[in-house]
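You will see chain A twice below: alongside chain B first, and alongside chain C after that.
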Partner chain A sequence: MTFFQDPEFGDRIITLMAALVLVLQIAAVGQRWLASSIRIFAVQSFLLAAIAGVIAYFNHASHIYVVAFLTLLLKAVLLPWLLEGLVERIGIRREIEPLINAPLSILIAGCLTLVGYVVAESFYHPEEASVRAALGHNTLAVAIALFLIGFFTMLNRRKALSQVLGLLSLENGLFLAAISLTYGMPLIVELGIFFDVLVAVMVLGILVFRIREAFDSMDVSKLRKLRE
Partner chain B sequence: MTGLLAKAGLQMVLLLLVAPLLSGIIKTLKARLQTRRGPGILQSYRDIFKLFHKGMVIPDTASWIFSTTPYIVFVTAALVGLMIPMTTTDAPLSLFGGVLAVVYLLALGRFFLALGGLDAGSSFGGLGSSREMTISAIAEPAMMLAIFTVALAASSTNLSEMAKVAVSQSWKFLAPSQMLAFAALFIVLIAETGRIPVDNPATHLELTMIHEAMILEYSGPYLALIEWGASIKQLVLMTLLVNTFFPFGLSSDWTARGLGLGLIFYLTKIFLLAGLVILVETTNAKLRLFRVPELLMVSFIFGALALISTFLF
Partner chain C sequence: MILLWLLIVPLAASPLAFFLRRRPVMEVVNLAAFAILLCLAATLGFQVLRSGPVSLWDGFFYADDLSALVVLLTSFVALVCSIYAVGYFRQDERNGIFREKQELPTTLAIPKLREYYSLTPLFVFSMVLVALANNLGILWVAIEGTTLASVFLVIFYGRETSLEAAWKYAIIGAVGLSMALFGTILTYYSAHGALGTETLAGLNWSVLVGNAAQFDKPTMRLAFILILLGYGTKAGIAPMHTWKPDAYSEAPIPAAAMLAAGVLNCALYGLVRFYILTSKCLGPQFASHLLILFGLLSMGVAVPFILVQKNFRRMLAYSSIDHAGIMVLALGFGGPLGVLGMLLHMTFHSITKPLLFFCAGNVQQQLKTDLFREAKGGLIHSMPLSGAALLLATLAVTGAPPFSLFLSEFTILRAGFGGGYLVLPILFITFLVAIFSGFLIHFANLVLGPDPGLPPAETCRWKKSSVVGLALVVIVMGFWIPAPLFRLIQGAADIVVNRR
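Right, the complex of A and B next:
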């Protein structure tokens, strides 16, 4: 089991898991069922926690273990549980047709991934070619792609709950970028972000429920009626 | 020369024997997972044997295309099987550009199957043919992109060479581009073998059937050849998937020990992949026909991203 000490093995595993996160994100763009979208988000968060764990192991940075554990607890268990409860309560299980149809959305998601790679390319300096630099480069591209696709999901979907999911995957992108570039921010910053996300989801959940109560729908485009 | 013939013969026997077994196992396990009893594992062998001893009904409108199609379907699938490394990295038929030959031999079989469906003169056949062609028009480019990604990583279009490079690199072969290519090829596998989100192999419902609609007019030995050919094609595609992405246990020579070990590893990998396919089939509902291009679009995007990310990494 010598390769458990080999940093290159760790690097491969991290890149592989980051790629899996990306695959899930693109699959989520074409997804119509809210419950499936939530589950995809949960698996994604689980993978992010695993990435954080692997980084902590290979860099002997014990504070990242805490971050990994918190990610697992909050994003892979608590948030999906809250959101699924919300779906049960409002009884709407499907996203209506998004603004841009599914094949085109997936194509756009693919293009956004390319943008992510092109942007990450400019951070890459081959003259400092060490394992660390390569790791930052590969996962940074995936992180930027996650960020952009999350943003696109927020624009594209009409249901408030799908938009919350877009926001969460956007946040996952930020988390991946932070952890792959800097090997973890100070713990206090991470804790701040976690509670920020938790509170945001809770507030948005209540908001979604209220929208549903008032308009009999989660379709945010109906909110325009307030003006008339 | 005799060595080559022996290799080809051995692989052919393996191919012909394992393919119906795999179909049988998939059917049985799927039934068990849905709490049905299901047919026995050996049912596919019995079906093929039974069909070979039955008479045939040939439509009046049918021409020579109808009667040559079963042979072409069977032979192309078997030929592709000889090109792909199964238990050893050294396939009997290894050509320069073998990847292209694999894609186009499968396309040739599919083309003739679609023609055969039209030739029988029933409206269902034409319906199935047009659906099959619609799906393959997107599945084929996705498959090519995914295979080319692997070919690029190994810098060879010869499948034996690709397998050798993959074995020599062991876990270092696992890169994001391979991951994306695997995802793309898995969706193509589902579409090409007519499995549930795309087509339902267990039903003759006219609204949804694709593969079954094309072969509706075939009976007796012709049907046996087509069914056998389809199961070989399924085995070949799954072999391609497991041996290019997870090359563990492929032996490098044709010695008895290497072959035995390779066979054990090979069967384990194939049945694990079959398990994955069964899980996908059981947990998903069949997609509406107009939604199928969306699924294949996902696979196409994965393939394209895989190819592009090989250059970027």
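Right, the complex of A and C next:
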């Protein structure tokens, strides 16, 4: 069982999981059912928690275990559960149509991934290529790609709830960047961020619910009374 | 210890208001909390002036001149807004805003007021936390907190348009702040090599600022761009300003004034903290160019919208975009003079802007519209006090002499010419003049002119006293700045240009 101690092995596992996270993100771009999007988000968050766990194990950094556990609890269980409850209550199950159709969206997501790799390249200093730097390199590219694709999803979707999901996947990208670049921010900062994300989703959820009641739809493109 | 009290007072006032049942008690609790807060903030200011930065819990909370200034301004704005709010909501109730249906006598006033009086202390708490947090991560958490606490103030009236405004505000704010978070993470990463620390102190501004010269430069460059976009969204600089007119015109007046004069300062405060790190790491040039670009863009974007504006509440928002642009531009001009101009502008703007909001609120409540077209003009005949104050505030906000904003804008202009720029300060003057004329034409038409024969307005004591009191402060500040306040501003400017 020596490979459990081998940092090389840990690095490969992390890269593999980061790649899976990216694949899920691209799959979410083409997804039209809200329930499936929420499940994709849950699995993605689960993988992120696992990445955090592996990083904590190989670097003997106990505070990252807390972060991993919280991610699992909040993002992989609690938030999907809340969001699914919201979908049940407002009774809208699928995105009518995104602004850009699915194949083209997936193509754009692919291009954004490339952009992520190009940006991440500028952070890579081969002269200090310890395991740390190498680890940061690949996952950082994935993190930037997640961020950009999340951004794109928010622009592309018209349903209020889909925009919230886009925002959450964008935050997942940030989480991956934080964990892979610096092994997480200090614990209290991470706790603050978790708290904020949770409250933000609840606030947005209440807004979604109220928009649904007032407009009988949660199509954001109907919100266009306030104009110059 | 004083830092802790500054946070505890608003935090305690929030749940207290939530459990109260009678309106006068809620009002008293709110007023008392903010009055105490202002006293504490003034004490903090004196303490910082006398004995340098104050810190608590190993530097978890930290207050230097810059933080003390922002705390002082925030608590001042909170107090005047809460005085005005008492009269404002009483008038709302008389106008029947809180009635569930027009015919029914049942009123929702108490639950609505409870919502307002328990959310505003939370809102103020997050703003104070922004200024007192030393840790850049906590700073981010607090700025996000201001958004979350104020979303429900934007949907206070529960109209369809308020929902739209709140949705825009929340979503644009969240996306912007996620960029700021990315910027914060990258700053931490670029400092990682220099500090080699994974403890909490690794994100403390007071620690980072000492080592900023050794940060990883390409990373810091990207970090500053993200921070500028992120906190710039919160400050409402163009092109991320689109939430502002909606949110400002839908929120109740006191809350909108707090957004315009409080949150703006907090967002710029966050930006300034990162500006200091960036200019230490990369030299002032890099940040300056970006700041000047965004500052002028915001001023330029505001001009056409102010000139053709139909709605006076939205006009105030464009004025706020313009002022955010001026402050960012001043920071971009840099140097001791530019930074001093920015901080003076921040101070004077926070004092003047609420007055403009209050007068606009009085007009809106009297005429029950916020469109210039439906107000027939000649307001000075039916509401002499608010009309006169509105004209005064218009002149003060657009930077006409002798009011204090003229002084700060002139300082910024001198910084611009002194910094070797020629075209940019001329553009700055052009935009200022255009905005001045736009404002003056619209508001002079609203206030002056023949008597349309409206019955004279009854303005209650609370509204009167807040408008008159604030107008007096604005006039006095045009001629005399209290010496300790000026020393605080000067001290804050020294921190930014790194002379300490």
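One rule holds in what follows: the second predicted complex is superposed on the first by the 224 of 228 C-alpha atoms of A that agree within 3 Å, B and C clash if a C-alpha of one lies under 4 Å from a C-alpha of the other, contacts with A are read in each partner's own complex, and residues count from 1 in each chain.
What we mean here is this: a contact is a pair of C-beta atoms (placed from the backbone, for glycine too) under 8 Å apart; a residue touches a chain by one contact, two chains touch by 3 or more.
Here the structure is a predicted model, which is why all the values come from computation and not from measurement.
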Partner chain(s) touched by A:L198 [first = chain B, second = chain C, both, neither]: neither
Which of chain B and chain C A:A177 touches, first, second, both or neither: second
More chain A residues in contact - chain B or chain C: C
Which of chain B and chain C A:A19 touches, first, second, both or neither: first
Contacts of A:A141 with chain B and chain C, given as first, second, both or neither: first
First, second, both or neither for A:A102, with chain B first and chain C second: first
Partner chain(s) touched by A:L78 [first = chain B, second = chain C, both, neither]: neither
Partner chain in contact with A:A27 - chain B first, chain C second, else both or neither: first
Intersection of the chain A residues that touch chain B with those that touch chain C: none
Residues of chain C touching chain A in the complex: 135, 137-138, 140-141, 144-145, 147-148, 151-152, 155, 160-161, 163-168, 170-171, 174-175, 178, 181-182, 185-186, 188-189, 192, 198-200, 202-203, 218-219, 222, 245-246, 249-250, 305, 314
Chain A contact footprint on chain B (complex, rising order): 171-172, 174-177, 179-180, 183, 293-295, 297-298, 301-302, 304-305, 308-309, 312-313
Residues of chain A defined as touching chain C within the complex: 61, 119, 122-123, 147, 151, 154, 160, 163, 167, 170-171, 174, 177-178, 181-183, 185-189, 192-193, 195-196, 199-200, 203-204, 207, 210-211, 214-215, 220, 223-226, 228
Contact set on chain A toward chain B in their complex: 3, 8-9, 12, 15-16, 18-20, 22-23, 26-27, 30, 102-103, 106-107, 109-110, 113-114, 117, 121, 138, 141-142
